[in-house]
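The block underneath contains the structure these notes are about, expressed in structure tokens.
Order of writing sets the labels: A, B, C and D. Residues in every chain begin at 1.
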Amino acid sequence: MKTYILPVLVGFGDCDPAGIVYYPNFFRWFDAATHAMFFAVGQSHDRAQREHGWIVWPLIDASASFRAPARSNETIEIHSTIEHWSAKTFRISHRAMRGDTLLVDGWEVRFIGEPHPDDPRRLRMVPIPDSVRQLFDEVDVAGPTPRDAPASESERSQRP
Amino acid sequence: MKTYILPVLVGFGDCDPAGIVYYPNFFRWFDAATHAMFFAVGQSHDRAQREHGWIVWPLIDASASFRAPARSNETIEIHSTIEHWSAKTFRISHRAMRGDTLLVDGWEVRFIGEPHPDDPRRLRMVPIPDSVRQLFDEVDVAGPTPRDAPASESERSQRP
Amino acid sequence: MKTYILPVLVGFGDCDPAGIVYYPNFFRWFDAATHAMFFAVGQSHDRAQREHGWIVWPLIDASASFRAPARSNETIEIHSTIEHWSAKTFRISHRAMRGDTLLVDGWEVRFIGEPHPDDPRRLRMVPIPDSVRQLFDEVDVAGPTPRDAPASESERSQRP
Amino acid sequence: MKTYILPVLVGFGDCDPAGIVYYPNFFRWFDAATHAMFFAVGQSHDRAQREHGWIVWPLIDASASFRAPARSNETIEIHSTIEHWSAKTFRISHRAMRGDTLLVDGWEVRFIGEPHPDDPRRLRMVPIPDSVRQLFDEVDVAGPTPRDAPASESERSQRP
């Protein structure tokens, strides 16, 4: 997978009294993009828990630079890529785009957790298995962006 | 317009520690559906303000019955219809569906406001113009639901 | 307990481009008030699960009438009371107040759930034990409202 | 002002299916802390707009490191300080604490905006006036933290 694209219809309620997106919502969409990207290759929180006893993708760091605002009724896209795999962490880049305009440039660092043997309420990091890494090598789910794809007028007006 | 359909991909962060959608999010999606439905026929908060000085669609009442839960990574749909126009209010029905299963059955009563002449921080109701009512008679934007519509593989993978 | 009072400082991000509280946030605060009210008498989601295998307080219905708006930096209060106990459900009234002004008048109907023996992903209602009902008879946690309570200057400055 | 402290009662709905705070909520609380801190020294979005035509405190960057999780019904505190004033930006440090435990360590960089003369939908940065900087030199609003302050049992159970 090169880049996963999550379309987002900006709602009136996603915006603040300045009329632009309330910034924590971008992190909400980054998180949603991470979960949707993994789900697209067959992984989910429930499945990882059930099959491996993993708590998947707790966050270590999140960061964003805000370059241009988004407003109600705009459809934007979150472009997400796994930029880097370390032994126990991985870094996902998220770029919020409106057409070709970069609105927000951010990233998250996450890991795979399991209950700590000394204290089940704490987590310890699991070395990232090759099988997880390979999910993103072998599958290409991104394809054309929604704005390149054929779509009826009615569909476009409704896209979330 | 018979029924406007807003697809919603349920995020991990839309769910609570019981693993199901945190209920206020359904009202968030109902509100988003109302705004998207009006936007589909050419109306928005900004435009109504600019052209008529209206504050559009403040809420009087909202209500919902919760019949079945939704979970992370499910795509659900909000089916919205204007059920009834009164002289100064209108009632929108919202049904959250997962396939043919009704999850949540709700409605909102809203009005068109303008600043009260005695106190600009209060609103008074504007009699609903025929032109607004007719927007929904004359236009049919709903079309096929996303699950009936032809979609490319890449598109489908992004609405998992 | 007669009435539980949850103070809420309305944030900039709780408001929408019309400059008033985005309505689903009132349901968020109603839910928070229900959980805080039960926590004040010693009950929580985790404890009910651990001690009884209960899923506590899934929602059946929620409703609200919006009478006056709230704005950023206002401190409002949610006044919550269990109005009625039925055999398997209970009804909580929530009133959002700014001083003596009623802003939103709402209620929730909830129950105590347990996994259905035929399908653990469904819930069935547990008859409400007297012990739960009595929690609210025997304990008075409401006490003075925050605005009557003595508070240091520094404390008050943090609830502007 | 050395440090502004905003107490936060973590709600059930602020947590995700892993049972811990959904991370974008920390940014929501950081933003709330910034607004509450300025409000405590007499500044708000509405007032800045009315008196100076300023759009106050748009965000340039936000970042956080997540060190320990928070859970439902815990009261945490956001400790916020303006760390650095530049000619046109300022940096606010936010530390989410549970007692003496640092949960999340973050910061925001913000500025004061005014409509750009060439395009009123864009903003340009206003050099930060001494009068704004001095608000934080001259006033000490933080005082003791809420957990040091005398409070009745009922009050503590209700603190948001």
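Keep this in mind: a contact is a pair of C-beta atoms (placed from the backbone, for glycine too) under 8 Å apart; a residue touches a chain by one contact, two chains touch by 3 or more.
Note that the structure is predicted; figures quoted are calculated from it, not measured.
Peer 1: Name whichever of A-D, A-C or C-D reuses the B-C interface, so over half of the contact pairs are the same residue numbers.
Peer 2: Among A-D, A-C or C-D, the interface that shares over half of its contact pairs with B-C is A-D.
Peer 1: So which has more C-beta pairs touching, A-B or A-D?
Peer 2: Comparing A-D with A-B, the pair joined by more C-beta contacts is A-B.
Peer 1: I'd like to verify one number: the distance from the centre of chain A to the centre of chain B, where each centre is the average of its C-alpha atoms, in whole angstrom.
Peer 2: The answer is 25 Å.
Peer 1: With chain centres defined as C-alpha means, what is the inter-centre distance between chain B and chain D in Å?
Peer 2: 32
Peer 1: What parts of chain D, by residue number, touch at least two of the other chains?
Peer 2: In chain D, residues 12-13, 17-19, 22, 24, 28, 31, 45, 72 touch at least two other chains, as defined above.
Peer 1: Enumerate the contact residues on chain B facing chain A in the complex.
Peer 2: Result: residues 4-9, 11-13, 19, 28, 31-32, 35-36, 39-40, 44-46, 72-73, 141-144, 146, 149, 151-155, 157-158, 160 of chain B touch chain A.
Peer 1: Please give the residue numbers of chain A that touch chain C in the complex, ascending.
Peer 2: Residues 12-13, 15-19, 22, 24, 72 of chain A touch chain C in their complex.
Peer 1: Would you pull the chain C residues touching chain B in the complex into a rising list?
Peer 2: Going through chain C, the ones touching chain B are 17-18, 22-25, 27-28, 31, 45, 55, 58-66.
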